[in-house]
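What follows is a pair of complexes built around chain A, which joins chain B in one and chain C in the other.
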Partner chain A sequence: MIKPENQVSIPTRIPAGPRLSIPLRFRDRRRVTILLTLIVLAYVTLMTLPTMIPNHFKLGAALVSFTENIKIMFLQPHLANTTFVTLLGALGQSILLAFLTTLIGSAIAFFFALASTRRLAPTYLVLGIQSFMAVIRAIPTVLWVLIYSVVFGLGANAAVVGITFHSVAYLTKVYADSMDELSPGIIETMQAMGLKKSAIIRQAIIPYLIPSYLSWTFIRFEINFADAIAVGAAAGAGGIGYQLFMSSSFYFNFHEVGVMVYMILAFALVLEIISYRLRSVTHQ
Partner chain B sequence: MLTVNHLTKSYDGEKMSLTDVSFSVRPGEVTVIIGPSGAGKTTILRSINQLIRDDDGEILFDDTDMRQLNRRQLRQARCRIGMIFQNYNLIEPLTAIENVLHGCLGTKSNLAGIFSMYRNREKEEALQLLQKVGLGEFAYQQCRNLSGGQKQRVGIARALMQRPKIILCDEPIASLDPKSTVTVMDILRDLAVNDGISVLINLHQVDIARKYADHVIGINNGQVVFDNRAKLLSDVAIANIYQKNVNTEGSLVHEF
Partner chain C sequence: MNSDVQQINRFFSKKRFRLTLIIVILGMAYVGASIGLGFQTHSLLNVQDGIAWLIQNFIPNEASKGYWNEILQQLFRTFLVAVAATTCAAIVSLFLAIVGAKTLTPAITVSWVIRAFSSLLRNIPIVAWAMILLFSFKQNDLTGFLALFFMTLGFLTRAFMETIEDFGTEKVQALQATGATYLQVIAQGLLPEIAVALMSWILYMIENNVRDATLVGLLTGTGIGFIFNLYFKSLRYGAAGLVVLSVIILVVSVELISNLIGRLLS
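Showing the complex of A and B:
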């Protein structure tokens, strides 16, 4: 029973007087703070925007050359320095790089996730692994590849290790989060039947997690594909990213860049269709 | 069979959840624990298979104290204690027969658990158990597609797969409609009478307790206030079990 002094008095009828609007929430000081912060930020942005534009910048000329380049890329794509087969091979290389790193990353991440979910692991392990992974995630993938290229030299090895490294940190987090969402009663039930930990993981946890595993791993595959392209250009890992870098920065051939952009877009579309199908299959 | 002596438990070190709880369960009988919610029924049940670690007392199951076992011994002892839950706790994406087969995994190897390796004999037993609870034709249905009553019956089949000496039921019918309630309680009663399994059930429905129990234990505020044959459960005794009790702050509380 609530003591009288702690009881909140609820008015039985709305007080008389001009009823302009009835608020849906209490006035909250936090909301005022957030609103004020946004207003200040918007003001600062608007004031500093003109200072960012260089003096010799001419908006008209810049727009014209921008549309010119866009037109060359998207309306007049054709090849000059390479063949379509070479580019297809390079695209395949990037896809395989993404596939390999996702595969290795998800396998390693699964075990880290088991060791860092609140459902199975002790708190010190959960906190330790999760904060370590957060540090890895905070540094971008491309930077990890460059760090590893100090060890392995520029090229595919550094790319595989670097992208895998970041994938493990990312997937550990999302896998562990999906395990945390499981009802504790399920694991308790299995323990009550005397099941070993291995059997609990295989028979109770995995069946529930397959849908979210598939979708998260697939999202990471998409990220890794984008990273594989960037890394190809930045760290000389090869693939379509390297070809893109050569055409745009070495030959200055934007017709060729256009072809490659279309190829990458086509594959991205395929990925999108697959992920849509995957979702409708696993979330029935 | 199962004897609980002087069981004591406090969750926060101040308020006692169980105070000196003693009772025993005989084989082949349905024993029902009744009492207001918050009285400690679930704590008692979960202390028996040590899902909850109690503070003091003795839980003799087959003459060994569950409280003294190490991890491995406890796991082995749990293999012979079936448990049924209010919200069934089945692995919903798996089929009914897969869930029933989980009951025999406790005694099998790591490898068998990981690769779902069951002997044909075990699969046959699982099918027979599903038929026994009237779900023969649902063996290959995903459990998420079953109704509440059907899920609870799969839960019973899973517990039976453990070849248990005792089945602990934590509010088994609280989420079920009246018709399913009768089905589930009839099955549990049948297990005690015909298979000689001890059945220990937490309930808050007094009428069901009267109808199905051989023995009734009444709990109020963590203490045993009634421990006798079901036919001796008089209206006075019920009023005593469900009486208004005084909580630590000294104000009167209705607990139902």
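Showing the complex of A and C:
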């Protein structure tokens, strides 16, 4: 190879712009956000943890008594103040409460979701309903039940209405979110064909929505079951939660608590199996 | 042509029949459940009574202004406890999830043990947790922290495990082929890839725990839940309304912040 005598060289140009360069990894917005969030969380946690342990607190003794109670609960469950049949009835009541509130909640939430999806509704309606629901969601279920138990009196009415409130707010959001995922092309095509809104909802939105509708409703049923127990304990609304509350904070009988926890776990196992089956069905 | 029309008609009438059947079954289930519970449907129509009562009684009055200090203090404590519980649970459950995920687990039995453990933690009702802990740890913030911690641990372990399993085995195998060790695969391959998903789970759990902290507080006699119960049962509705208002503001602002972080992450 012959080399030219005078090599032509193109001078490399220094790129324009500020000379100071930030390392590439710090310019990644995600990385910085994750790092900052983690730092804030770690800081808050490290600051809080030492202040949580009160003065003159014997951690060792507490841990020993905790493991003791857990042992009593799981290894020696037996009944003293109630019968198994009563508890079974109470469990049934909690399940019914969860079922009923999910049913009412999903029916009401479906209409709210139609009125607050970006695919069908005007923006002011979407924003209005969604922020109203955010406020309702922000109030814990127990507070709703407590408030309604003053208005309606203690009992099933207050529990159902209170839990339904939260369910409606939750389900409206998730239904509307899954409706938003529907591509606008489908609705535009149907509108171009001259179909009315009701027909669009029946023929395009509902068939598209069924899998996510089912899975979200089922998730809400699980949440409502947990809520039904909590509400029974904290607001005296009956069911297995009330029995749990009575035997743990009135009779201090952890043997009995163990029986109830086993019953609840058995039902939770059934729910888990159903949810697994549901997932494999809807994924097909 | 005629048979086509017939077929279409049959299709639609079948569809309509099925829809009617579902509605009838659900309606019957509704009636059955209502009778079983002793729930009267007309109370659904009286929902506005509750709202009206709320507005009438829960409007904070002059007297309730004196409670601001205590409420804000307890609200802040509750928030800190919820965040600390979520963060601690997230750290532990990340380890459990890595060891338990089917794609990374050292032995399949370990995976099943961790799965069962997290399911157990999730399904023991929070009432039972609160009561057992209250009995051993007495009435203080630590009790609320631990109750939230156990619930969150169960939930996040499952969520993280599913996230890791969605990550797939191909990338792990590719890294292993380059000679990376187990720890290197996790630190360099897995964690950066799933960090965004994990972050959004953690933020969701913080939101949830701030809400649940009220319930736990009500049961264990700590934090914002306790003072709500105190004011509510001593008929100081104005102050109780103030508590509700402050909870709403806290939860909504936590939700807004987590939405903002979510947008920055996407």
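The criterion applied here is as follows: the second predicted complex is superposed on the first by the 238 of 284 C-alpha atoms of A that agree within 3 Å, B and C clash if a C-alpha of one lies under 4 Å from a C-alpha of the other, contacts with A are read in each partner's own complex, and residues count from 1 in each chain.
One rule holds in what follows: contacts are C-beta pairs under 8 Å (C-beta built on N, C-alpha and C of every residue); 3 or more make two chains touch, one makes a residue touch a chain.
For clarity, every value in this text was computed on a predicted model and none was experimentally measured.
Given the superposition on chain A, are chain B and chain C in a clash or a fit?
In the superposition, chain B runs into chain C.
Of the two partner chains, chain B (first) and chain C (second), which one does A:Ser198 touch, if any: first, second, both, or neither?
first
Can A:Tyr208 be said to touch chain B (first), chain C (second), both, or neither?
It touches chain B, and chain C stays clear.
Which holds for A:Thr189: it touches chain B only (first), chain C only (second), both, or neither?
first
Determine, under the contact definition given at the top, whether A:Leu120 touches first (chain B), second (chain C), both, or neither.
neither
With both complexes superposed on chain A, which partner does A:Ala237 reach: first (chain B), second (chain C), both or neither?
Neither chain B nor chain C is touched by A:Ala237.
Which partner chains sit in contact with A:Tyr148 here, chain B, chain C, both or neither? Use first/second/both/neither.
It touches chain C, and chain B stays clear.
Once the two complexes are aligned on chain A, which partner has more residues of chain A within touching range, chain B or chain C?
Larger number of chain A residues touched: C.
Answer with first, second, both or neither: which of chain B and chain C does A:Val168 touch in the superposed model?
In the superposition, A:Val168 touches no partner, neither chain B nor chain C.
Just checking: does A:Ala109 make contact with chain B only, chain C only, both, or neither of them? Give me first, second, both or neither.
Neither partner.
Quick check on the complex: what are the chain A residues that touch chain C?
Of all residues in chain A, those touching chain C are 29-30, 33-34, 37, 41-42, 44-45, 47-49, 51-54, 57, 62-63, 65-66, 68-70, 73, 92-93, 96-97, 99-100, 103-104, 134-135, 137-143, 146-148, 150-152, 155-157, 160-161, 164, 226, 229-230, 233-234, 241, 244-245, 248-249, 252, 254, 257, 260-261, 264-265, 268-269, 272.
Can you list the chain B residues touching chain A in their complex?
Touching chain A: residues 49, 51, 75-79, 81-83, 85, 87, 89, 91-94, 98, 102-103, 105-108, 110, 112-114, 116, 158, 162, 251-253 of chain B.
What residues of chain A sit close enough to touch chain B in their complex?
That would be residues 1, 3, 183, 185-186, 188-196, 198-199, 202-204, 207-208, 210 of chain A.
Inside the complex, what are the residues of chain C that reach chain A?
Against chain A, the touching part of chain C is residues 26, 29-30, 33-34, 36-40, 43-44, 46-47, 49-50, 53-54, 80-81, 83-84, 86-88, 119-120, 122-128, 131-138, 140-142, 145, 195-196, 199, 202-203, 211-212, 214-215, 218-219, 225, 228, 232, 244, 247-248, 250-252, 255, 261, 264-265.
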